[in-house]
Every structure is written in C-alpha cells, then in structure tokens.
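Just below sit the structures, each encoded as structure tokens.
Here come two complexes built around subunit A, the first alongside subunit B, the second alongside subunit C.
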Partner chain A sequence: MSIAFTTQIICFSVLSLVVIVGALGVILLENIVYSAFLLGGVFMSVAGLYLLLNASFVAAAQVLVYVGAVNVLIIFAIMLVNKKEDLKPIDNIKSRRIISTSICLTLLSLLIRVDLSNVWGLSDPNTSIGEESTIRIGEHLFSDYLLPFEVASVLLLMAMIGAIVLARRDVMNEDISTGLPVDQELIEKSSEPLLIKKN
Partner chain B sequence: MNEELIYKVNNNKVLNSGLDLEYSFNEILKGFGLSSELAHIVWLPLPMLLVLVSAVVGVLVTVWLERKISAAAQQRIGPEYAGALGVLQPIADGLKLLVKEDIIPAKADSVLFTAGPILVLVPVILSWLIVPFGQNLLISNVGIGIFLWIALSSIQPIGLLMSGYASNNKYSLLGGLRAAAQSISYEIPLALSVLAIVLMTNSLSTVDIVNQQSGAGILSWNIWRQPIGFVIFWICALAECERLPFDLPEAEEELVAGYQTEYAGMKFALFYLGSYINLILSALLVSILYLGGWGFPIPVEIIAKVLNLPINAPVIQVFTASIGIIMTVLKAYLLVFIAILLRWTTPRVRIDQLLDLGWKFLLPISLANLLVTAGLKLAFPQFFGG
Partner chain C sequence: MNFESIPLQAFLIVSSMLFCIGIWGLLNSRNAVRVLMSIELMLNAVNINLMAFSSYIDNNLIQGQVFTIFVITVAAAEAAVGLAILLSLYRNRVTVDMESFNLLKW
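After this line comes the complex of A and B, so read on.
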C-alpha cells in the first residue's frame, strides 16, 4: 500500500465522518445557530470529497456557492431574526416524529437500493482529466447543457424579483391577511407586526 | 520508470524557465538513498513553512510601516526606542499580545468564540498556496489557481459572523453582520474583474497569468489592458480586507471595535494577523494579476542578450529567480504603502454609501468591463489573448 493511497483512505474516512456527524447535528441540535454553522462544515467536507475525486473545480465552486453564499446568507438571516424565545409545544409531537422518521428511512433505503443496483461507470484513474475538467465543464455548459443552465438562471432571476417585491413596501403596500395599509416607516422603528392575527 | 520519465519531461520544461528547487532537493535526498516518494514527503512541509514564515515577517514589516507612515501623516515621530527607527516595535506588540490574559466573557458561547478567529485566519493563510514568486517558486501550481483564492476568501465571513454572534454583544453582532454584508457585496465585482483577466489568459493558473504578461516587460502588463479592472479589483480588495475607507465592520465611533470588541490576547492577535496577512495577500494578487508578477520591467531575455549569456546559464537563472522574488515583494509593498496612505488620509464611508458603491456602481462597471474585454479579445486576438 503506497503512502498516497493511505493518505487518501484517511482523508476519505475523516471527511465522511464529518459529513455524517455534521448532517445529524444539523437536524438534531436544538440551537438553530449551531445547525447553521454545522451545515457550513458539512458543505466544506463535501468539497473535500470532490477534491479526493480529482474534481478541484467542482470543489472550489462548492465552497464558493454553498459555503460562501448560501450558508452565509442562512446564518445572516438567522442572526437578523434570532430572538431567544421558547418554541410553543406542538400537539402529537411523538406521532409526528415517528411519521417523519419513517419517511426519511424509506427515502434512505430507496437511495441505498439505487446505489447498490445501479452499475456506476468508474473512470480509469490513469486516464482521468484532472485539471482539464474546468474546460470540459465549460464546453458542456455551452453545448448540450445549455438549456438547463439558462433555465436555472431564469429561475434565479424570478427568485430575485420576488424577493425585491416582498422587500419593497411601496410595491406591495397592503397587508396580505388584513388588507390594512402597511406602514412605510423604517423597520428598525417599532411598528405593528406585518401579519396581524385575525381575532 | 514512468515516474522518472515524467520527472525528466518536467525537468526539460523547467530548465528553460527557471530554477526548480524541488527537483534538486529530491535529487540530493535520493543521493542519500531515500525513495522518491519519501523525498517528496520530506519536501512537502518545507515550502509551507517558508511561506508561513514569510507571511508573518511580512505582517511585522507592514505593522511597522503602518505605525511609521501614520505617524508621518499626523506629523508625529512614531515608534522610536525599540530598535533603530522602532523596527522592533511590531515584535514587542506581538509579544505583548502573546502574554496577555485570554479572556472568554462569561455569557459568551465559548466554542464558537474560539472557533471564530481560527476560521478567519486559516482561509487567508491557505490562499498563499497559489501566490507565485517565480516560475517554480510557489507551493502548488493548481490548475484552478485564482478561483481557489476567490472560493477561500468567501469562507471568511462565516468566521466573522461566528465571532460576532458568540461574543453575546450587540456591537459585535452588528460588526459581524456588516462584515458579512460587505464581503458578499464586494466579492461579485472582484470575481468579475478577475474573470476579465482569465478571459485574456485562457487559464485560471496564477503562473500562466504572469507568463501571459511577460512578453514585452512593463508594456505587456495587464494594467494597460485592464485599467478599469485594476481599479475595481483594488477597491474591492480593500473592501474585502476591511481597510479604511471601508472598515465599517470595526468602525470605532459606532461599534466600539465591531466583532473584535470582546476579544483579547492571542485570539485578538489572530484577527490582527489575519487582517494584515489578507492585506499583503491582496497586494500580492494585484501585482500578479495586473503588474506582471515576478516580471522585471525590462524582460530578462533582453538583459541576457546584452550580457551575451544564454538564457539558461546558471548565473542568469539565479539572477532571474532573485529578481523575481524582489520584484514581487517590491510591487506588493508599493501597493501596501498606498493602502496605508489611503487609510490615514481618507474618511470612512457610510454603510449605505458602501453598499450603493458596490451594487450600483462597481457591479455594472465590472460587467461592462467583462463585455468589452470579450469584444476586444474577438477583435484584436493578438493583444487580448487568442
């Protein structure tokens, strides 16, 4: 067993362990801030797995998009709204947990089944393209994957316009549930909550 | 056998372009009877250690420069007693931070409080992986080069948010949020201006980017072909480093010291170190992307021709390598000097001005710059990369 191979095995086990433990932490921890930071750790470890697979461009893109943008925005949003308040007890919490666990386990078994039954096309490590993959990804994005690529950008544009409409009060100046005019003051000032409960 | 062949091919390629210390080091170790794999493992930590040491020494020099230049800008003398001209002052600062008590506030979240500064520092040091001081004088010529730096620098705001949240202090939290907002806003024009360079180089590797500028000495530097990109990149780099005029996350008058408020001792020193290493890194990257990297204003080929020596003569190779390191450091410190001068002579912008500048001015301009570069590349392929 060569030194390089041993290093790869060690890296792979550590990264997989971090991914699994981190992902469990994301859903099991009570504190939402810890969950968000752990999610960042999971994304980083997935990037590490991509690196082990010789896909350095995909790994860097994973870090840039998921850690640098998605995770930062999630944490940002949590910190802007984070109030230390106890959540209301939910009815039938036990039966809900049993149902959701069984659904997740079913999905997991389905994935395992697919994994075991599918014949994966393994590329020969001696002929792997390595650094050239950046060029290959670019070629695919601008030829046979052009339509999905453009559709994804349209989707992002729609999400962005939706966010602007929601954020700008002069576009939607009526409360959704009550029909009352929304006050146009700065958010920092004390104001009536946007969605007032109907009594 | 196959490995040796690759080494020979590499070596032939390398002989034409400069010194290869790794190859010579491996040859020496192999002379002692080590296998090439073991020799590689012995080699691996050496450049990393060298870069770490040079980064820290660079910080010491920058801190001294900052103290002296700020003193000159305010008509003071500055540090004077610690060594000649106060050159030992940064070491005294470092020692002071080292022996100070490490305080974790009682109501702070101690795990996140400790992890925050580490998360800020590690990506910055990792980015030194791609900084070339010569054809072979870099830790690793990874193919994704400059993209790796953009990806790594996007991790930093998580560390800032983490320390801002964990401090359990409203100023810290606001500072962390500001840092994250600023970093996200300025990353986009930064990446777009890098993209224009990559478009001209046809490669993401920093070595290729410098080589593409080495044709005609100073005339072929990217600053002449990308003047707008250069200005955008420099502004965004300053904003990413949180240097004045963009040091809103730690604006003293409003936020005490932002996310650093609750930090003391070595944890504060990590933030301090991180911000200065980041400043030097940004200066180095500006010099690599726009100022010809290790290139001398007059091409070495011409000097060799004047001296009547072949380009791969040992004297010329040593000369090229040392001139490369000197030029890279010189250009970087010129930019550090400008950054320090800017810090002590410009007022701070407001947060709304900062975001307006980023989203409404720099972003459209950098998009237009990219478009114009693409058009020029099609129209004049010999000047703007084929």
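After this line comes the complex of A and C, so read on.
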C-alpha cells in the first residue's frame, strides 16, 4: 500500500471501530430494520478493510454481493415477515444470557491469546504483488481453482432453484382433499399496516 | 520490514471480536432474520481472517483472496436459501420467534 503509515492507522482504526460498533448494534438494537441497515454499514467497512489489505477486487465483490444482494435480500425478508408480535417471556432467560455471554467472552479471550502469542511466519513484503492481485486471482480461477469455480456455478444454480421452490406460493383454486375453494388471502395482508408505531 | 505497516495481529483481533459478536447474536436472538444476520457477521469475520493471512503470509500467491471469493459465493447462496426457508416457515407458523420452532426439540 502506497499511502502513509499514519493514514493507514487512522483508516484502520475508524473502519474497525465502525465494524465492531455496527456489529454490536446489529445484534442489540430492538428494531430489526435498524439492524439491517447497520449490517450494510458493517459490510461496507469490511470492504474498506480489504482495500487496506491491497485487495481491490475482493473489496468490489464484497460491496456488490453483500451490500447489493445479501443485504437487500435481508431487507426484503424483513418487509415480508414484519409482523409486530409480543414474544412470550422465557422463564430462565437470565441464566441463558449469563452462560452464552461467558462462552463468547471465553472464546474471545482464547482467540486473542492465540493471535498475540503465536509467532506468525510473515513473508517478505518485497515479494508482494500489491495492486496486481486481480490478475493473480484470475490466473488462480482458471488454472488450479478451475474445478471449485465450476462447482460454485452449479451451487449457485441449485441455490436459485431451491430458493424459488421453497418460497413459492402454491396457487391452487380448490383444496385437493375437500374440494372447497382455498383462501387465497395473503398472510401478510391480514397484519397491521407497516410504518405505524404501536405500543 | 523496510516500511511500516499495520501489524497482522490488529486484523486478527478485529475479526475475533466480530466472530464472537456473531456467536452471541446467534445464541441470543429471538428473531429468525437476526439469526441469519449473525451468520453473515461470522462469515465476514472469517473472510477478514483469510484476507489478512493472504496479505501478510502469502502475499505473492494470494490464495486466501481466491478462497474469500468462494466464501462470498457460498454465503450468497446460503442467504438466498435461508431466507426462502424463513418465508415458508413464516407461512406455516405465522411467527419468526425462534422459541416457537421447537418441532425437533428433544
């Protein structure tokens, strides 16, 4: 990376702060719509971290696929299932919270200890190909990673067909067993209108 | 090193924290959409790890970047199928509360 060290440090600090705070907001905020938009911010900041690591192609792919596709899909799903409901209280929620938080903190301390104590075999920065990483990725995809590349295309096709089959609404006019006309009303229609705050 | 750069450990710590936040959200969310979001957060943490290692340890062959592209592909497929499953589940149960999906509970 050709930018100055101080600039790199500032960029890294801001981006990682946005990533961590945004991720905390995604899991802690009450309103799921805020969570979805914060998730988009987290994805964008992760793309910025990739740019700091000299990977412009993967950063562009991250923005296109995560922000452009996955996040939009999540927002659509929220729109389709956005029914305000009063969740039943769980009786032992306190102990659950304590156990899960302690598991996460233990895992975090373990990971950080491994990160800091291990001696990483860093390679010589002079061999870095830097900005030519896109060319190298193309070479990889069409030589030694050709089979995974083709399998990934089949996987995407399968996922597309599977998603259509799972999410499709059956449109039959009469019930097969009883012969009575089927209620075609959308479940989503019977819920309260959106954008109205109810307490 | 002949020039200064951000230490590898900084990236690893950020990705560890992101991964643990994802696990916490996965265990504690009651909204099924939020569970899927937590899974995406964990996948992003793994991607940051792969990218940091490919830039610092394998900076000539950058196989980690190729791997990250595959992970992004599979994550997109996972999100599509997961949300489709969520929609059909919502149609059958008319709720997205994770506590009410207990048909396979022992």
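Basically, the second predicted complex is superposed on the first by the 140 of 199 C-alpha atoms of A that agree within 3 Å, B and C clash if a C-alpha of one lies under 4 Å from a C-alpha of the other, contacts with A are read in each partner's own complex, and residues count from 1 in each chain.
By our rule, contacts are C-beta pairs under 8 Å (C-beta built on N, C-alpha and C of every residue); 3 or more make two chains touch, one makes a residue touch a chain.
Keep in mind it's a predicted model, so treat the numbers as computed, not measured.
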Just from the overlay, do subunit B and subunit C fit on subunit A, or is there a clash?
-> fit
After superposition on the shared chain, which partner residues are touched by A:14: those of subunit B (first), subunit C (second), both, or neither?
-> neither
For A:3, select first, second, both or neither according to whether it touches subunit B, subunit C, the two together, or no partner.
-> first
Which partner does A:101 contact after superposing on A: first (subunit B), second (subunit C), both, neither?
-> second
Would you sort A:69 into first (subunit B), second (subunit C), both or neither based on which partner it touches?
-> both
Which of subunit B and subunit C A:40 touches, first, second, both or neither = first
Once the shared chain is lined up, is A:79 touching subunit B (first), subunit C (second), both, or neither of them?
-> first
Of the two partner chains, subunit B (first) and subunit C (second), which one does A:131 touch, if any: first, second, both, or neither?
-> first
In the superposed arrangement, does A:61 touch subunit B (first), subunit C (second), both or neither?
-> both
Max touched-residue count on subunit A (subunit B vs subunit C) belongs to chain C
Subunit B versus subunit C as contact partner of A:146, first or second or both or neither | neither
Measuring by CA atoms in the overlay, how small does the subunit B-subunit C distance get, in Å?
-> 13
Shared subunit A footprint, subunit B vs subunit C, residue numbers 57, 61, 69, 73, 76, 80
Which residues, counting only subunit A, touch subunit C once they are in their complex?
-> 1, 5, 8-9, 12, 16, 19-20, 23-24, 26-27, 32, 35-36, 39, 42-43, 46, 49-50, 52-55, 57-58, 61-62, 65-66, 69-70, 73-74, 76-78, 80-81, 83, 85, 87-88, 90, 96-97, 100-101, 103-105, 107-108, 111-112, 115-116, 120-123, 125-129, 133, 136-137, 140-141, 145, 148, 152, 155-156, 158-160, 162-164, 166-167, 169, 187
Which residues of subunit C touch subunit A in the complex?
-> 1-6, 8-14, 16-25, 27-34, 36-38, 40-41, 44, 47-48, 51-52, 54-63, 65-66, 68-70, 72-81, 83-88, 90-91, 94-97, 99-100
Which subunit A residues qualify as touching subunit B in the complex?
-> 2-4, 33, 37, 40, 44, 56-57, 60-61, 63-64, 67-69, 71-73, 75-76, 79-80, 130-132, 134
Subunit A touches which residues of subunit B in the complex?
-> 37-38, 41, 112, 142-144, 147-148, 150-152, 154-155, 157-158, 161-162, 164-165, 173, 176-177, 180-181, 183-184, 187, 204
